[in-house]
Structures are given as structure tokens and as C-alpha cells.
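Shared between the two complexes below is subunit A, which pairs with subunit B and subunit C, respectively.
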Partner chain A sequence: MIIELGHLAVITALVLAMIGIVVPVIGIKKQKAVWIEIGRQAVTLNFFLLTLGMAAMIYAYVTQDYSVKYVAATSNSKLPIFYKIAGLWGGHEGSLLLWAWILSAYCALAVWIHWKTQPVVIPYLIAMESLILSGFLLLILFLSNPFERLLSAPPDGRDLNPLLQDPAMVGHPPMLYMGYVGLSIPFCFAMAALFSGRLGEEWIKVTQRWTLLAWISLTTGILMGGYWAYYELGWGGYWGWDPVENAAFMPWLVATAFLHSVMVQETRKMFKVWNLFLIILAFSLSLIGTFLVRSGVLSSVHSFATDPGRGLFILSFLAFMLILSFGTLIFRSNKLKSNIEMDSMVSRESVFLFNNLFFLVAMITVFIGTLYPLLTEALKFKKVSVGPPYYNAVFMPIALGLIFLMGVGPYIPWRKASFESLKKQFLFPLIFAGAGMILFAIVGIRDLYALSGLTVVSFVLASIVLDFKRISSFLAKQRKITALQGFYTSFRQNPRRVAGIITHIGVLIMVVGIIFSTIYQTEKVVILKPGEEVVLKSYRIKLIRLYEVEGPNWQAQEGSFQVYQGDALITRLYPQKRLYPVSQTPTTETALHQIYMGHLFLTIPEVAPDGSWARVRALFNPLILWVWYGGGVMVFGGLLNIFRPKRKEVYAAHSTEASLPEGVPGIPQLSSKRMTQE
Partner chain B sequence: MKSNKKTAIIISIAMIAAAIGYLIFGNFGKNLVYFFTPSEVSAFTQDRYGKKVRVAGLVVKQSLKVDPQTKNINFELTDGAAVIPVSFTGVPPDLFKEGQGAVVEGYWEADRRLHSEMIMAKHSEDYMPPDMKKEGKTLPKKDFFKTLKMD
Partner chain C sequence: MKNEKGMVRGWHILLLAGISGLLFLFYQGLWGNPSYIPPVLVGTPAPRFEAPDLYKGVPVTLDQFKGKVVVLNFWASWCQECKLEHESLLALNRQYGQNPGFVMLGVNYQDKESLAKEYLNTFGNNFQHIIDLNGRISIDYGVYGVPETFVIDQSGVIRHKEIGPIIGETYDRFTHRILEPLLINQPVSP
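Here is the complex of A and B:
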């Protein structure tokens, strides 16, 4: 009964969403506020209706109603309650419902926040968001309905995929979807700007925090996915250029490019069309990503054939959205000739330009690699796969370039940099990086990628530290305070810049983590009988015995290991080979031991049925935790940026002054550059 | 003056684009791995020996043998028409079993065996009840992940 109520709520939501497309447009045409008000009510109601739909599904999971087909397919009575609820997004139908619910929540929130301040934009925003929501609800209701009942209810569910029974996997899809869907708000603002012809900087300023929120969610989602892959899949890596990962990575790359290039428009009124293009691209990629992952095309094109309706609908909806958004951009963008030219190659503008170029090329690299196999298979050529070496070979140089720019961009002046200012800012970092390179080479880092990566990281680090130190001590001297207080003052004066640089520091930490944990990973795969041991680096890993254990919904063979360094026992580890009997799925459970910021990583992927031997895989992943610590710092920087305090002092200044924000007052080469704009 | 700068910017962009384009296309062809069926592989002529291929098929029942000394795995792979022998060294994925589908990446050598260090296993179609096919798609992902380890 409850489930039918939820179903009905979602059907009503579809009707309302369709009304929401039309009504605001009529409102604009007739200049009647009441039509737009109807649109607002539809948006608010939709959020409550979809919440009801979600609640009904969760109710079915909790009460173990296996007459609901989707619940029966993704849950089981033995499952802990936590995973019962998470089962909702463990499959195709439920995760689409989650997507739609998040969209409705964002939309209601955006309308609530911007209703008073953005009266011109709101109608378009409602119409666009309702359009996207309608598309998803049509897909949910007609082609992948989670509310569908089974004629005869099975006694028990078929269980959630054991690999998804993991805390990281509970949070990962919602985070990722918050990122995907979050991009729809700046996207809709951009579309509203195009439709209404108000193409100034306003839409960018208004959506800044929305974009940041989406970016933070995407980043967190990707990081969680990586961590899950790392220990739950038991392969010891966190990123495999798997198409599913790529689908999330592409919108991330473009969103990051967008976050950077908007600064150029805000300060220099350039890149106008480009920014519109970027945000449309970013959201399109998140649509493509959702569909690629959720339609099952990625594992095989043949899955399209199993449900041709779904594939066809997805493709048509995608095509419609792409044509609508890019078409509008092309038709409207001729109004947007930016008449400001770049003054010099050696300027912050041009650094941003290259930043964007690199991000886009990175995206295209991933795009080609991900879609080429699909294309060849769809066109009935030979089936083919693109291997990680392709990505690594192409992506590494691009990433190096981007990291290098991170050390230049925030510190080079706008418009045109003089030789003197360049020398002042970059001579020390260059020397520091050079010295670093020699040092790294001496201590034995000879791998080309590792050496160049660490050199570039030290360059950026020196740039950041030098800049922080200079500003802090300048302010400290000016105001007669300590350097630490000076640093805090610089944050108060330009919180956005400092928060951004904290994110950069996070990237540096992550890069170091990636370099060490991939290039300097050590692996041993051996067969061990109880009592035998394997030597990995300076550690001896000894298999004591193999035995059987049982969990709530699984059975396992467990290995008891002792790890020695020299003669000292440093830890005991218990990896498992599990079997989930309901779905007959075997899994490999990892055992980890942290050594400094790295991991000793142990799995037993194969155990003899009689327990006489086990295939043991032992890995040493140095500094691997830096990958996630760095990610944490990146996210922290982003959060700081969202919740940043208003700019002190400079904020109240004259408008042209305020539109030249990045320079901290008092740094001479910046303030002297403040000329009027043509 | 202005147009000079514009040219400079355009030229530098073009240079970077060319460099990266070269990287992409240079590495793309090299890293493509083609899929074959056991029948196609068994018909390979000498010029195909030693090239990396992926072969999709079913693991023949009762063909799987673990070498008592090295613990290497030997088995046969079939597509119904032809059967090819495979020698595998490494860590077999969780879902790898006799009678199941598997994608084996490796090299077809002159000894007319497929030498592999990487297997991706999947639930084969006939194993699953029809309804389960849908989730089955997410199951092989795990092994897919595993096999794509950075090197």
C-alpha cells in the first residue's frame, strides 16, 4: 500500500514537472507573475512528492517487502539495516530515483534562495530544471520503475551485491550524484542568462557557491570510490581508468576548468562565451556519465539490446539536451563578443587560458579512451579495449603541466608581467625546484615521472610558501602584528584566494601520494603453506594457519598472519576469502597495516579447499594515505571557499577596485597595474 | 602589436595541442587490445604470435588444473566451436570458475597456448536466472577493476 502511495507521488511529480516546464514560459510571455508562482509551487511540491517516493521505497526495504521487484533484487532479510537502506541505490532503478530526488531538492533550494534576488532568472531556472526532472521521471516511470511489484513475492530477497556492502559504497553514489546534479544549477543559470539575454557576470557570481558545492561533492564522491576500490576490491590500487571512473572524472575535469576560468571573466570580463560553453559541457558530461554508468552500456553495448527502449530513450534525451543547450549557445553567443584582448602572453589571463586548455585536453583524452571501444563495437567493427598505458602516457604530461601552472597562475600579475616581477616571484621557486631535483636524484628517485613530478611539486610549494610569507610579513609590518596574525589578516582580506591555495596544497599532497604509492609500490604474489613466510621490503610476513569463520550473511576462510620487522612482531593480520551464499558471490577481504603514511596490504585471493595452502598477495604502498589526506585538504579548501567570510575592507571599496580582487593591497607590482578598463 | 601577441598565443596553443595530439595518437594505437574468440585464435597464423589479445569464452568444465609445484593455473577456454589451452600465472579473480565465462588477456605463442597474466571473470549468461542479468552487469566490474591496475 505504502509503495503504491510512493508510486503515485512520483507519477504526480512527473505531471507537475511537465507543468513546471510550460508555466514559467507562459508567465514570461504574458508578463504575469501568477504563472511563475505556479511554477514555484510545482518545484516545492515536487521535492515533497519525491521525498515521499524515496520514503516509500526505504519503508519497503526496512519492512522487507520482497513483493517489490527491485527490493527483492537488491536486498535480503539477513542484511544489516544500514545496507538495507543503501540497497536503494545499489541498482539501476533506485539510483535513478535518488538522482531525481537530489535534483528536486537542489531545485527547490535554489528557487527558495534566489526567488527574491533573481526574479528574471527564476522562471527559466524552473523551466530548465523541470525539463531535466521530467526526462528522468519519464525514464523512471516507464522504463525502469523501482515501484514495480512481483505477482508472487519470493520468500527472501536476492541480496545486495556483496561488494556494495561497504560503508564507502553507501556514501559514494549519493555524493557523486550531488556533484552531477549540483552542476545543473550553474548550468540552468547559464541557460537562463542565454535565454534572457542578461549575459553579464551576474550568473557567474550567483552560482559560484553552487559550482563549488558540486565540485566538492564530485571530489568527495570520486575519492570515496577510490578508497572503496582500494580495499574492498582487494587489488591494491585506487584508480584503474575504468570507464565507470572516467565517467565521473570527465565532469570533474571540466568543472575544475570552469571554476578557474570564471575568475578571468569576473576580473577581466573575458572568456564570456567560453565560460558558458564550459558549464554546459560540464553538465552534459555529468548526464552522459550518469547514463553511461546506469544504462549498462559500459560493460557491453549488448546490454542496450536487452532493453532497447531504455537505450533509445536515454540517447534521445541526451541528444535533445545537447542540441538545446549548445544550440542556444551558438545562436545567442554572437552577442557576446568580448572586446578586450589579451595584453601579453606573460600574464595571469594567459596562464588561465593554458590551464583551461590542459583541462579540456585531459578531458578529451579520457573521453576518447572511454568511448572509442563503445563506438567500434556499436559500429560492428572489432571489439577492442583501451588499456591504462594509453591514459598514463597521455595524462601524465598534461597533469605535470597543470601542476606547474598551479605554481605560476596565482602569483603572476594580470595583464602583463614585467621581467622584474617575474624574477622576484619565481627565481627562488625555480632554484628551490632545481635543488630539489638534484636532491631527489641523489637519494635514488630516478624514475622519470617521479623525478619530474616531485620537482614540479617543489616548485609549486616554494611559490606558495614564498607568497604566503611575503604577504604575511608585509601585513605584519604594516599593522605591527605577528606574522601569524598577518597570515590570518591576509585570509580575512581575500579569503577566496587563500582557500583556493589551500586546495592547491591538497593537490600537491595528493600528487606526492600518487607518485609514491604507484611508482614505488612493491608487490609479491606467492603460495604459502601454514608456517611459511614471504619477505617484502624489510618485513617478514608469516602465515600461521588457515581456518573457517562465519559472519551474519557470509562464510569465509581466514588466514592468520604475523608480520615481523627483524625479529620484532609488529602486527597480526587476518585477510579473508569470503563467500556470500545467497548470491554465490566470492569476495576477497583485505587486511591492512599502516606504516607511517603507507600501507602493508595483504590478501588471500585463493585458498585450497582443505586449507593446506593459500595464494598470498602482499603489497607495500608507501605514502598511499596522502592520496586521501590530500583529497581531504582539497575538500577543506573548497568548504572554506563556500563558507568564506565576506571580504574585509576591500569589499567595501569602490566597485572597480573590488573587481580587481586577487592582488593583496600593498604588493606593489599589482596595485600599480590598476588601470581603467577599456 | 596586439595582433602579434595574438599570433604568439595561437602559435603556443597550437604547439601544445600538436604535442598532446601526438601523445594521444602515438599511444592510442599501441595500447589497443583486440578481442577474439577461441575459434579465431586457434586459426592464428605465425604473424599473429606474440601480440597481446583478449579472448572471451567459457572455462571448460574439468579442464582447470593447478600445478602442484608452481601453483600456476592451466585450463581450456571455449566458444563452443574451438577449444584453446591457457597457461595462467598470477592471481585469478574471485569469480573465476570452471563452467563460467572469462575474458583472458595474454599472448598466443608458437607452442599454441595462450599465455596469460590477467583474467577478467564474469557470470556467464546461462548461469544467471534471467532477472539477475541486470545486476550481473555490475558484478564483473570488480574483476574489471582489479585487472586494470596501473603499471
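Here is the complex of A and C:
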């Protein structure tokens, strides 16, 4: 009964969503507020209806109602309750329902927040969001219905894919979808700006926090996915350039470019069309990502059912959205022209331009790599895929360039940088980086990527520290406070900037983690009998014995290992080779031991049936935790940016210039003095 | 001014063309089988390469084997399937290695030198190996994963590609229907 109720709720939601497309348009045409009010009610109601739909599905999982086809396919009575609920997004149908629910939640929230302040934009926002929601609800109800019943209910479910039975996997899809779907809000604001012709800076200011929220979710989702791959798939890496990973990475790249380029529009009124283009592209890439994952056009580790009908529907919807959004951009953006030309190539504007260019080139690289199999097939080439070597060769130099720009962009003045100011700002970081390079080379880091990566990281780090020091001491002197208080004051005065730099620091930490954990990874694969040992770096890993263990819904062969450094026992590790009997799926459970911020990583991919030997894979991943620590700092910087305190004084970049450290409010006497100098 | 307008229009057309192309591509893709891999590059000249020898470090090029039938095997120490076929590869070289018109070359893919050497020490070795340092060779040959084996004929044309381990029946087919006809300059019937 409950499930039928949920089904009905979702059907009603589709009807309301369709109404939500039409009524705001009528409201604008007739200039009658009541129509728009109907749209608002539809949006709010839709959120409750879809919540009901979700709740009905979760109810079916918890009460183990295996007459529901989707529940039977993704759950099992022996599954822990935590994973029973997560089973909802363990397959295609439920994932889509989650997508739609998050979309309705975002939309209701956006309408609730901006109803009073953005009366002109709201009708367009409602119409666009309803359009997207309708598309997904149509797909759910007609081609992938999770509420579908089986005529004869099986006694038990077929179990959730064991690989997905992992805490990181419970949070990964919702976070990722929050990112994908979150991009729809700034996208809809951009579309509303195009339709209504209000193409000023307003939409950008209003959507800033929305974009940040989407970016944070995407970042978290990708990081969780990476950790899951590292821990659960057991190959010791966290990123494999798989099409589905790329599908999440591409919108991230463009959203990051967008977050940067809006700053140029805010302060310099440039890049107007470009920003519209970027956000449309970012959301389109989320849709393309959904298409790639859900239609099965590309083979990947994330195998989902292939169904041309489904794919065809998503493709038609995708085509409609792409043509609508880019078409509107083309026809409506003619009015827009940046009035201000770039003053100099040596300026913050141009650094932002390069930043955007690099991000876009990075995206295109990933895009081509991902679609290469399709491309070669369509052009009747022989089918060739591009693997990690392609990405490593093409992507790494771009990434290096982007990191370098992180050390330049925030510190170079707007408009035109003089040679003096450049020297003042960058001489020390350059010397520092040069010294760092020599030091790294002496220490024995000879790998080209590692050496250049670490050099660039030290350059950026020096830039950041120098800048912080300068602002803090400037404020400390000005206000007669300590340097630490000065730093806090600088945050109070320009929290957005400081939060952004914290995110940059996170990137640096991550880059160091990536460099060490990939280039300086050590690996050994050996066959061990109980009592034998393998030496990895300065550690001796000794297999004590192999035995069987049993969990709630799995059986496993477990190895008991002792890890010695010299003669001292430092830890015991228990990796497993598991079998989930319901789905007959084997998995390898990794055992990890943290050494400083790196990992000793142990798996037993193969065990003799009689337990007489095991194939042991031992890895030492130095500094690998920095990848996630850095990611955490990035997310923290983003959160700080969302919840930043209001700026005390409004300070535009035009009025005060280079000689003043950024983040210091414009002081009248100072700036007027500069004016007279000019 | 006029020029600028033309440029903007050019961008518009480019954007629309790009989107249409993409959609067409996706549409085509819907009907394909994503896991189907047709024989890659067969019948085309083998991409040339120069790479260091795993043991001696001296550069090895494809050109130096011109006039011979080259069996190019991509492998890695972390690859389980490679271990399966390793015995067969050794047997293959024992069987044909004496033939002056035959040469076998291993290409170590996405690996670490020390691990690769350790692997060969453990499982045995009787032919030459090169290191695909930055993955260029793998990109050129369109290597999906390992093991993959290419057969290049006397005039430098790829005549066959084998995906997966060469064992059992595959081994017999590989030797009888591909290698042997090539070695006596007869047409190949895969």
C-alpha cells in the first residue's frame, strides 16, 4: 500500500512539475502574480511529494518488501540496516529518484530564499527547474520505475552489490548528485537572466553561494569516491580516469573555472557572456555525465544496465536542454558587450583568463579522452581507447600550469602590474622556489613531474605566506594590534579572499599527497605460506596464518599478518578475501596501517582453498592521506566561503590599487594620493 | 566592428556545430556495444618507437627489426592475466626463437622497473623487453589493458592483435594460423 502511495505521489509530482513549466510563463505574459504564486506552490508541494516517494521506498527497504522489483534487486534480509537504506541509490532506478528528490529540494529552497528579493527571476527559475524535473520524472515513471511490483514476490532479495557495501559508498552518490543538481540553480539563474534581459552582475552575486555549495558537494563526492576506490577496489590507487570518474570531474573543472571568472565580472565587468557560457556548460556537463553513466554508451567499472530506450530518452532530453540553453545564449547575448578592454597582459584579469583557459583545456582533454572510443567508432576508425598514459601525459602539464597560476593570480594587481610591484610580490617566492628545487634535487627527488610539481608548490606556498604576512603586519601596524590579530582582521575584512586562499592551500596539500603517493609508491606482489615474510622498504610483513571467518552476509578467508620494523612489532593486519554468497561476488578487503601520513596497504587477492598459501599484495603509499586531508581543507575553505561573515566595508577594486595589499579596505587619503600620482 | 560581428557569428556556428556533432556521436553510441573491441590498427603500418631496454638501458627501435616478424607483447608485473600467459610466451620464443626471421619483444606497461625485473626473475625470461617510459608506445598502439599482443610483419605492417592471454587454444591458433604463415610469407587467416 505504502509503495503505491509513494508511486502516486511521484505521478502527482510529474503533473505538478508540468504545470510548473507553464504557469510562470503565463504569469509573465499576463503580468499576473497569481499564476506565479501557483508555480511556487507547485514547487513546494513537489518537494513534499517526492519526499513521500523516497520515504515509501525506504519503508519498503526497511520492512523487506521484496515484492517491489527494485528492492528485491538491491537488498537482502541479511543486509545491515545502514546498507538497506543505501540500497535505494545502489541501482539505476533509485539513483534517478534520489536525483529528482535533490532537485526538488534545491528548487524549493531557492524559491523560498529568493522569492522576495528576486521577483523578476523567480518565474523563470520555477519554469526551468520544473522543466528539468519533468524530464527526470518522465524517465523515472515510464522507463525506470522503482515502484514497480513483481507478480510473485521472491522470498529474499538478490543483495546489494557487495562493492557498494561500504560507508564511503553510502555518502558518495548523494554528495555527487548534490553537486550535479546544485549546478542547476546557478544555471537556472543564468537562463532567467538571459530570458529577462537582466544581464548585469546581479545573477552572479545571488548565485555565488549556490555555486559554492554545488562545488563543495562535487568535491566531497569525488573525494569519497576516490577513497572508496582506494579502500574497496583494492588496487591501491584512488583515481583511474574511468569514464564515470571523468563524468564527475568535468563539471567540477568547469564549475571551478566559473567560480574564478565571476570575480572578474564582479570587479571589472568583463567576461559577461563567458560566465553565462561557463555555467551553462557546467550544468550541461552534469547532464552529459548522467547520460554517459545511465545509458551505458561507455564501458566502465560502474556497470549499469544497458537499455537503448532509456538511453534514447535521456539523449533526447539532453539534446533539448543543450539546444535550449546554448541557443538562448546565442540569441540573447548579442546585447552584451564588455565595455572594458583588457588594459595589460600583465594583470589579474589576464591571469584569470589563463586560469579559465587552462581549466577549459583540462576539461576538453578529459572530454576527448572519455569520448574517444565513441568518436573512433562513429568515424569508422578502428576502436582505440586512451588509458591512464594519455591522461598523465596531457593532463599533468595543464595541472602544473594551474597550480602555478594559483601563486600568481591572487597577488597580481588588477588592470596593469608594474615591474616594481611584480618584483616586490614575486621575487621572494621565485627565489624560494628555486632554492626548494635545488634542495629537492639534493634530497634525491629526480622524477621530472615530482620535482617540477614540488617546485611549483613551493612557489605558491611562498606567495601565500608572503601575502598573509604582509596584510597581517600592515593591519597590525595600522591598528596597533598583534600580527595574529591582524590576520584575523584581514579575514574579517575580506573573508572571501582568505577562504579562497585556504582552499588553495588545500589544493597544495593534495598535490603533494598525489605526487608522493603515486610516484614514490612501492609495491610487492608475492606468494606467501604461513610463516614466510616479505620485505617492503624498512618493514617486514610476516604471514602468521590463514583462516576462515564469517560476517552477517559474507564468508571470508582472513590472513593474520605481523608487521615488523627491525625487530619491533609495529602492528598486526587482517586483510580478507570475502565472498558474498547471495550474489556470488568475491571482494578483497584491504588492511591499512597508517605510518605518518602514509599507508601500509595489504590485500590478499588470491588464497589457496586449503589455506596453505596466499598471494599477498603489499604497498607503501607515502603521504597518501594528504590527498584527503588536502581535500578536507579545500572543502573547509569552501564552507568558510559560504558562511563567511558579511564584509564590513564595501571596497571596489577600481578605487584602490596595487600599492595596497589586497584585503585592506580602501583608505581615502591613500587612494586619493595615488590618484594624484597618476 | 564588422569583423568583430563576423567573429562572434563564427563562434556561434562553431558552438552549434559542436553540439550537433556531440549529439550525433551519442546517438551513434547508443547502438554500439561498449565492450566490443574490433581488431585495432590491423592492416596499418605499425607505429614506430624508440624505447630503452629493460636491462641494458640502450635504445631499441622498431626499425631495427625490419624484415622480421615481430611479436610485440604488452605486459606488467601487476597484471594477473600476464602471469597466466607467461609460460606460453616463453614457449613461443623457444619454439620460434631460432628462426632468424622472428623476434619477440616485451613492452613493460605502466610499471616500475624494479618490479618488472623481479617479475622476470621469478617467472623466467628468454626474450628482450623494453620499458614504455611515458606510455607513448601504449598510446600509439591503443593499448586498452594488458596483456595485449601485436604481430608485425616483415614490412612493418600490423597483421594481428590479440587481447588477453595467449594460452591453450588461443596459443595454437596464434602459432598455426598467424605466426607460421607469416614466417613463410603466406597470407594470414585469423
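What we mean here is this: the second predicted complex is superposed on the first by the 634 of 678 C-alpha atoms of A that agree within 3 Å, B and C clash if a C-alpha of one lies under 4 Å from a C-alpha of the other, contacts with A are read in each partner's own complex, and residues count from 1 in each chain.
The working rule: a contact is a pair of C-beta atoms (placed from the backbone, for glycine too) under 8 Å apart; a residue touches a chain by one contact, two chains touch by 3 or more.
Only a predicted model underlies this, so the values are computations on that prediction, with no experimental measurement involved.
A.B. asks: With everything superposed onto subunit A, say whether subunit B and subunit C fit together or clash.
C.D. replies: With subunit A aligned, subunit B runs into subunit C, so clash.
A.B. asks: After superposing on the shared chain, does subunit C or subunit B touch more subunit A residues?
C.D. replies: On the superposition, B touches more of the residues of subunit A.
A.B. asks: Could you say whether A:Trp613 touches subunit B, subunit C, both of them, or neither, answering first, second, both or neither?
C.D. replies: In the superposed model, A:Trp613 contacts subunit B only, not subunit C.
A.B. asks: Output check: A:Pro397 vs subunit B and subunit C. Expected answer is one of first, second, both, neither. What do you get?
C.D. replies: first
A.B. asks: For A:Pro388, decide between first (touching subunit B), second (touching subunit C), both and neither.
C.D. replies: After superposing on A, A:Pro388 lies in contact with both subunit B and subunit C.
A.B. asks: Does the superposition put A:Gly94 against subunit B (first), subunit C (second), both, or neither?
C.D. replies: neither
A.B. asks: If you stack the two complexes on chain A, which partner ends up touching A:Val525: first (subunit B), second (subunit C), both, or neither?
C.D. replies: A:Val525 contacts both subunit B and subunit C.
A.B. asks: With the two structures laid over each other on chain A, which partner does A:Pro495 touch: subunit B (first), subunit C (second), both, or neither?
C.D. replies: A:Pro495: touches no partner chain.
A.B. asks: Which partner does A:Pro575 reach: the first (subunit B), the second (subunit C), both, or neither?
C.D. replies: In the superposed model, A:Pro575 contacts neither subunit B nor subunit C.
A.B. asks: Considering only touches as defined above, state whether A:Leu322 meets subunit B (first), subunit C (second), both or neither.
C.D. replies: second
A.B. asks: Determine, under the contact definition given at the top, whether A:Gly630 touches first (subunit B), second (subunit C), both, or neither.
C.D. replies: Touch status of A:Gly630: no partner.
A.B. asks: Report which listed segment of subunit C has C-alpha atoms clashing with subunit B; options: 5-13, 23-31, 77-85 or 113-121.
C.D. replies: 77-85
A.B. asks: Name the residues of subunit A shared by its contacts with subunit B and its contacts with subunit C.
C.D. replies: 235, 296, 299, 306, 382-390, 392-393, 525, 605
A.B. asks: Which residues of subunit A touch subunit B once you look at their complex with the stated criterion?
C.D. replies: 73-74, 91-92, 158, 161, 163-164, 229, 233-237, 239-242, 244, 296, 299-300, 303, 306, 341-345, 350, 353-354, 357, 361, 364-365, 368-369, 372, 382-390, 392-394, 397-398, 401, 518, 525, 527, 585-588, 605-606, 613, 615, 617
A.B. asks: Applying the document's contact rule, which stretches of subunit C touch subunit A when the two form their complex?
C.D. replies: 8, 12, 15-16, 19, 22-32, 34-42, 44, 77-78, 80, 110, 112, 115, 118, 132, 134-136, 138-139, 142-145
A.B. asks: Which stretch or stretches of subunit A touch subunit C in the complex?
C.D. replies: 235, 288, 291, 295-299, 306, 308, 311-312, 315, 318-319, 322-323, 326-327, 330, 334, 371, 373-375, 377-378, 382-390, 392-393, 523-525, 605
A.B. asks: Give the list of subunit B residues in touch with subunit A in this complex.
C.D. replies: The contact residues of subunit B facing subunit A are 2, 5-6, 8-9, 12-13, 16-17, 19-20, 23-24, 26-28, 30-35, 54, 71, 90-95, 131-135, 137-142, 144-151.
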